[in-house]
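First chain A sits with chain B, and in the next complex the same chain sits with chain C.
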Partner chain A sequence: MNLALAKTETGRALSDAFALARDRLPGAGSVADARQQAFEAYEGAGLPHRRIEDWKYTDLRVLMREVLPLAAAPDAAALTRAGAALKLHAIEGVRRLVLVDGVFAPKLSETANLEKGLGIRTLREVLQAGDAALQAQLFAPDSSNPLVALNSAMMTDGIVIDVADGAVLTQPLHIVHIASGAQSAAMFTRSLLNLGRAASATLVESYIAADGAKAYQAHDSLILSIGDNARLDQVRLIEDGREAFNISSSVVTLGAAAYLNTFAITSGSYVSRYQAVIAFAGEGSRVETNGVNLLNGRQHADSTLVLDHAVPNCTSREIFRSVVDDRGHSVFQGRIIVRPDAQKTDAKMMTRALLLSDEAEADNKPELEIFADDVTCGHGATTGALDESLLFYLRARGLSEKEAQALLIQAFVGEAIESIANDALREIVISAAERWLEARG
Partner chain B sequence: MALLEVKDLQVRVDDREILHGLSLTVNKGEVHAIMGPNGSGKSTLSHVIAGKPGYEVTGGEILFNGEDLLEMSPDERSAKGVFLAFQYPVEIPGVATMTFLRTALNAQRKARGESEFSTPDFLKKVRAVAASLNIPQDMLRRGVNVGFSGGEKKRNEILQMALFEPSLCILDEMDSGLDIDALRIAADGVNALRSPDRAMVVITHYQRLLNYIVPDFVHVMSRGRVVKSGDKELALELEASGYTQFEDAA
Partner chain C sequence: MAAVQETVDRVRRIDVDQYRYGFETVIESDKAPKGLSEDTVRFISAKKNEPAWMLEWRLEAYRRWLTMAEPKWARVNYPKIDYQDLYYYSAPKRKELASLDEVDPEILKTYEKLGIPLREVEILEGVVRKDGEGAPERRIAVDAVFDSVSVATTFQKELKQAGVIFMPISEAIREHPDLVKKYLGTVVPTSDNFFATLNSAVFSDGSFVYVPPGVRCPMELSTYFRINERNTGQFERTLIIADKGAYVSYLEGCTAPQRDENQLHAAVVELVTLDDAEIKYSTVQNWYPGNSEGKGGIYNFVTKRGDCRGNNSKISWTQVETGSAITWKYPSCILRGDNSRGEFYSIAISNGHQQVDSGTKMIHLGKNTTSRIISKGIAAGVSQNTYRGLVTAHRKATGARNFTACDSLLIGDKCGAHTVPYIEAKNSSALFEHEATTSKISEDVLFYCVQRGLSQEEAVGLVVNGFVKDVLQQLPMEFAVEAQKLISISLEGSVG
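And then the complex of A and B:
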C-alpha cells in the first residue's frame, strides 16, 4: 500500500517536472519523440526499488524519494562559484571541458587549438543541429534501465567528442561536472566519445560542487565507442558534495583488439550509483575496470558493472576495493556474461571490502552467466576489518592510531590503484585517496 | 633514577592472571636477560611494556624514566624510547619497507618535537645501517617483511632498532627460528647498539643466545614472577640443571 502510494507521488511529481522542462530541452522532431518515448519507459517503471534484483541494495524510493526539478541554467554568480570550485580541483596539463549545473560553460573550458583529429561539440548543438546518425547513437542506450531512460528523456547538455582514426591524443581530456550549489535541483547530462580505429585518448571525469552546495542530483551518462585497435585510459573521480546524489551510467562498446583501462574512485556524494555496461563487439580486446569506494558518515555508493563477452578471445579484469567507515554502505555488483560464441574468454573479478566500524556495511554480489564451454572465469570476494596485529606493530613503531590506519588503508586500496596503466592518471587517483585520508584526520 | 622500573606487576588475560607481582629494575647501559620456560609470562611482560591491547593490568606499575608508562599509548611509548623487537614480526603487504621506516621515524621525531628527516639524510642513514646488517637494498623496496626469511625479519627488527635509537630495547625470543649464522649476524647487530645510554632486555628460552649477547644480569621467570636473579653465570647453571627446580620453587 505504502509502496504504491510512494510510486504514485513520485511519478506525478516527475511527470509535472518533465512537462515543465520539455520546452527547455534541446532538440525537436525525432529528438523530442525519442525523449517522449524514453520518458514513458521511465514512467512505466518509476524509481527503482529493492524488489528489483538489480537495485536490491540501492532502493531509490527510500534513498532518493523523488527526482528534483531541472536546474536553471547557471547565471554569472553560479559561474563564479563554479570557477572557484574548479580551482580547488584543477588538474595540470589537461584539456578542461566544464559543465556547470548541467550546462556547458565555454568560459571555464578550453576548446581552442584542438589537436589534429580531435572534434568537440556540445550535446545541445548535436541534439539541435547534429546529423541523424549521431542523434540516434545518443539515444541508443537501453531504456529498460529506468535511470538511463530518465537521463535520455531529460538530457540537457554534455560533451560530444570525436577522435579520428589513427589520432593519438597526448593531452588528457577532463570533463568536469560542477554543481554551483545555489539551488536544490537536478542536472541531466550525457556525453559521448567516439574513438576511431587505432586512435588513443585519455579521459578524466570529475564530479564536484561549489562550497556550501545544497542537496542536488547529478544524473549523467557516458557513451563510449572504442574502435578497432584503439586505446582509452579513463578515470572517474566522484567527489560530489556530501548531500548530493550521483547517478551515472556508462555504455561502452569495444571493437577488435581494443584496450580500455578504466578506474572509478568514489569518495563524495551522499548516495551514488555507477552502472556500467561494457560490451565486446570485436575479438582480441582487453578491459581492465577497477575502482575504489572510500565512504564514511552515512554515505551509500553502489557500483554495478556488467561485462558482456559476446565474441571470442577477449579478456576482462575487475579489481574493486571498498573502505567503509561509520555507517557507510558500499555495494558492488559485478556480472560477467559469456555468450555462447565467446570461446576463450578470460574474465576475472576480485572485490574486497574493509570495514572500519561495526555499523559499516559492504555488499558484494558477483554473478557469472557463462554459456560457452572453453573459458577461464573466476571471481572472489572478501570482507574484513583492519588486522589488529598489523595495527599494533605500526603503533609500537610510533604511528598514531589514525596514521597506522591510513598506511594500511593506502596499502589496501593500492592494490586496485596499481592497475591504472597511465602514470598521470594513477597520480590523480592517489591524490584523491590521500585527500580522503587527510580529511579523516 | 632507573630507566625502567616494574613494580609488583599483575596482569590478566581473559580472566586468567599471567603475571603475579613481577618486579624488575633496569638502568641505562645494562643488558638484562630474562629466561624461563614456556608459559612463564616472558612474552606477556614484553607486550605489556610495549602497550599491546588485550592485557589487563590489575596491580603494580611500570615507570619509564620516572613516568607512568601504562598511561601512554603504544606510539607515545615508542616516541619516548621504548622499542620491542617482535618474536614474530608481521608482514605488511603493500607498504614498502622504506615508506614504513620513514613514516615511523618521522612520527617518533614529530611526537618529540624534533624536525623531520630530509629524504637524502634519511636514505643515507638507512643505507649505512642496512649495509652493516647485510640487508640488501631490494629488501627495503619490498613490502614490510613480505617474503622475508626468518633471519631477514629479525634483521629488519634490528635495522629499525638502529634507526630509531631507542633507550630501551626489548628483544623477544630473538633467536627463535634462526640458524647459527643468522643468529650471529643478528647478535652482532645488537652488540653494535650497546651503549652507556641504552638498556636492553633480552628475553630467551635458551642460554645459546647469551653466548652472543652477553648479559650483565640474568633473571629467571617462572609462573609469572622473577624467582631468581644473578649474573651471567646463572644462565650457564640453568643450561646444566634446567628450569624444573624453579617450577617447583614457584
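And then the complex of A and C:
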C-alpha cells in the first residue's frame, strides 16, 4: 500500500539529483558501490511519512516535501559570512572544526598542535584514500532508516576523529556546521569519533546559520564508537536558521565499563529530527542521554532515541523536557530495548512537556520493549501547562508575567540540564537556554 | 489467605496444559457454505430475516473490506489467515423455541459445565455467601451466544418491566429497527478497520441493550460467547445504548473447545452513553489459548469502542484477558461530551506461546473530560505481552485530564513485556500523567513467603494477586472471584 505512495514526485526529483551529484561525491570503487546501495535503499522507501510508525509525528512528505539539490562548495564570500556567524557562536577554549555548507573549512578550523593521541582527518580524505576498515565503518549505519541511507549515499564531508587508547583530551572538540546562506541547498555531512580504550574526550556539535540564510537542509550523521573504560561527554546545540531543516542521526556503540553523557538542545530550525541509536556492546556501561526542546512560532522538533541494551548489567537514564509556545510541535519518541540476555539492566526514561500556548502540541511516545526478566525498567511522561498557583506566587512577589514564566521555564528545563556532568558543557547549554528565553521577551 | 489456598488447591487438580473449557459439544449444526462472498453475506442476512437496509449495509461493508489490507502494525505474528477457508455462519439446528426447556439439552449441559446458568433460579458459581448473611441475592440476566446465534436470553420479563431492551441483535434489527439504525456503526463505522469491516459484513449475532432515560438497569446483563463448531469464525456484534441518565453494567465471558487449528474471532462492540448516563463493561476473556507448543487457539481480533456522546457521561472498561492465542484489542473511549469520563482497567496475562497486543485509546474531545488507565500485564512462558495505548487531547478539549499507570511483571526469562504509549497533547490546559514499570517478582518477596511455609507456586499466586488487585476490585463480585481463579490457572506451570 505504501509502495505506491513512495513513488512521489519527491522521490523522482531526488533520483535525478543523485545522478547529477554523483561525480562530485568523494570516493570511488567500493565507496561508490556502497553509495549506490544506500541510495537504492532510500529510493525504495522514499521520504518517510506518517504511515511509517517511526515517523508518525514527523511527516516529511508534508513538512519537507523535497530534498534540495546538493550545496556547492563555499566560495570566499560564503566563508566570510560563515566566519562572521562563527564569531557570534564562539565557545572559549575549544578546538574548532568547521564545516561550511557541508565542506570542511580549514581556514576557520584549528588542526595544528594536536594533543598526543588525537588524530583528525576529513571525511573526504578518508573516503578518497582511507583504509578499507574505516570506510566500512563509515558505511555501517543501518540503511533501513531512509534518511540514514540518504546520508550514506550523499555524504560529502565531515570530521573523522581518532582518540588513541588511554588518551585523555583536555580540550573539548567543537564541530560547527554553518550554512552560509548562499543558496537554498542541502548539505550532507557525516562525522566519526573512535574513542580508544580508557580514553576520554569532550565533544560539542553546533548547527548555525550565517545572517540571511534561507531554507537550507542540514543532513548530518555521527558515528561514535566508545571503547572499554572510555568516557565521552557530548553536547549538541541546534541553533539553525528559522527556515532550515535539520535531520541528524547518531549511531553509538559502547564497549565495557564505558560512560556516555550526551545532551541535545534544540531551539533553532523550522523542522528538526534527531534520531539516535545507542547500543551497549559491553557489560557495566552507563549512558545518560538527555535533552531539551525550546520551540515557538511554527517550529517542529522531533527527538527519537533508541537505547539498545544488548548485554547484561548496563544502566541508562533519559531525561527529556520540551517547552512549546505558539504553534510549535514537539515530539519525543524514546524506546528502551532490553534483549533476551541483558539481565540486570537498569533503564529509566522520563519525558515532560510544557505547553505555553493553546495551539502548541506535544507528542510523547516512550516505549519499553523488554525480553529479559531480571530488570528494572520504567518510564514516565507528563504534559501540562505552567502551574497557575506557582505563577500567582511569583506575581504576588512583584515579578511580571513574562519574568515569572521565564523563571518557571528555567526551573523546568533545569532538571534536564543539571544532568550534564561536565561543568563547561553545562554552562554552554544554560546560556543557549537563556538566549531562547531572552528572545522570547 | 483462605482464598489463595482455595485457588491453589483448585490449580492442583488441574494438570498443566489443561484448559478447563476445552470440551466439545456434539450437536447438529446449520452452516453457511465455506468461504466468503456476497452470497455468504446474503445467506447470513436471509437466515436472520433481515430487512433490506441491513443487507445493503452489510454488502457495502463487504465491498469495502475487499479493498482493505490486514493491519500489520501490532506486535503479533501469525500465519496468513485464509478467509476463504472459514465458515462464517454456524448455528445449532433448532425449531422455534417456546421456552428454555426446548433448547437442545446438549447446549444446556454445555453452559452448565461452563458454570453459566441459563435457568433463572441459578446464580453464577463462585459467590461465597455465608449462612445467616442477609445479603440481597444478586441476579444476572444472561444472553448465551453459541457459535453464530443466541440460544437463550434470561430474565426477559423483568427487564421488560423496567423498560430495558436486552435481546440478540438479530432480533433487535427486526423489532427495534429505528434504534438499531440510529446507533449501529456510529461508534465503529463500517470502514473503521479490516476486522471491524469484516465483522460488519458477516456478523451473525450478539447482544443489543437499550436502557431508557433515567433507568438504572435492575440487574447486571451478561453475554456468554461460546465457539463450538470447527473451522468457524465467530463474528458477534454488541450494541449498548444508555439513554440520558441511565446506568447499566454488562459482563461478557467467552470460551472455546480445544482444537489444533486456530480459529478467528472478530467482534465489534459499540457503546453509546447520552447525557449523565453510565455504562460499565466487564470482560473475562478465556478463549482457548492453544496448547503448550503453541498449537491451536483463538485469534481474538476485536474492536471495542465507547462513545461518551452526552455531557457528564461515563464509560468504564474492565478486562481480564487470559485466553486466546493472539489478542488484538483496544477498548477505547471517545470523550465527546463535556465533563465525560473514560476508564480502562486491564489485566492481561500471557503464558505459553500466547501473544497479547492490547491497550486502550482515550480520545479527549469535550471540555473537562477525564480518563484513567490502569493496565497490568503479566508475561510468563515464552509469551509476548504488549500494552499499546493512546491518550490524546483535541485542541478544544480544555481541561482534559489523564492518568495512566501500566505495569508489567515478567515471570521467566523467555517472555517479553512491552509498553507502547502514545501521548498527544494539542491543548495547553490538558494535564497528562503516564508511568510504566517493568520488573520481575522480587526474589526477596518470594523467599519471605516460602520461608513462612508457602510453596513457590502459592507465593507467586499471592504476589500476582496483589499486583492485579487494583483492577480486580473494579470487577463485579462474581467475576472477580472467577477472574482470580483464572489468573492462577493461567500462570500454572510458569514457575519452577
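Please note the rule applied: the second predicted complex is superposed on the first by the 434 of 441 C-alpha atoms of A that agree within 3 Å, B and C clash if a C-alpha of one lies under 4 Å from a C-alpha of the other, contacts with A are read in each partner's own complex, and residues count from 1 in each chain.
In this text, contacts are C-beta pairs under 8 Å (C-beta built on N, C-alpha and C of every residue); 3 or more make two chains touch, one makes a residue touch a chain.
Keep in mind it's a predicted model, so treat the numbers as computed, not measured.
In this overlay on chain A, chain B fits alongside chain C without clashing.
Once chain A of one complex is fitted onto chain A of the other, the partner contacts of A:Ala179 are absent, as it touches neither chain B nor chain C.
With both structures placed on the common chain, the touch criterion links A:Gly398 to chain B but leaves chain C unconnected.
When the two structures are aligned on the shared chain, A:Ala411 is found in touch with chain B, with no touch to chain C. More residues of chain A are touched by C (comparison of chain B with chain C).
In the superposition on chain A, contact of A:Ala210 is made with neither chain B nor chain C. Of the two partner chains placed by the overlay, only chain C lies in contact with A:Gly380; chain B stays clear of it. Superposing the two structures on chain A brings chain B to within 16 Å of chain C, judged by their nearest Cα atoms.
Judged by the document's definition of touching, no chain A residue lies at the interface with chain B and also at the interface with chain C.
The residues of chain A lying in touch with chain C in their complex are 1, 53, 56, 340, 343, 353, 355-385. Contact residues on chain A toward chain B in their complex (touch as defined above): 387-390, 392-401, 403-404, 407-408, 410-412, 414-415. The touching residues of chain C, counted against chain A in their complex, run 69, 73, 395, 398, 408, 410-440.
Residue ranges of chain B in contact with chain A, taken from their complex: 50-53, 73-75, 77-79, 84, 86, 89-90, 92-95, 99-100, 103-105, 107-108, 111, 143, 160, 164.
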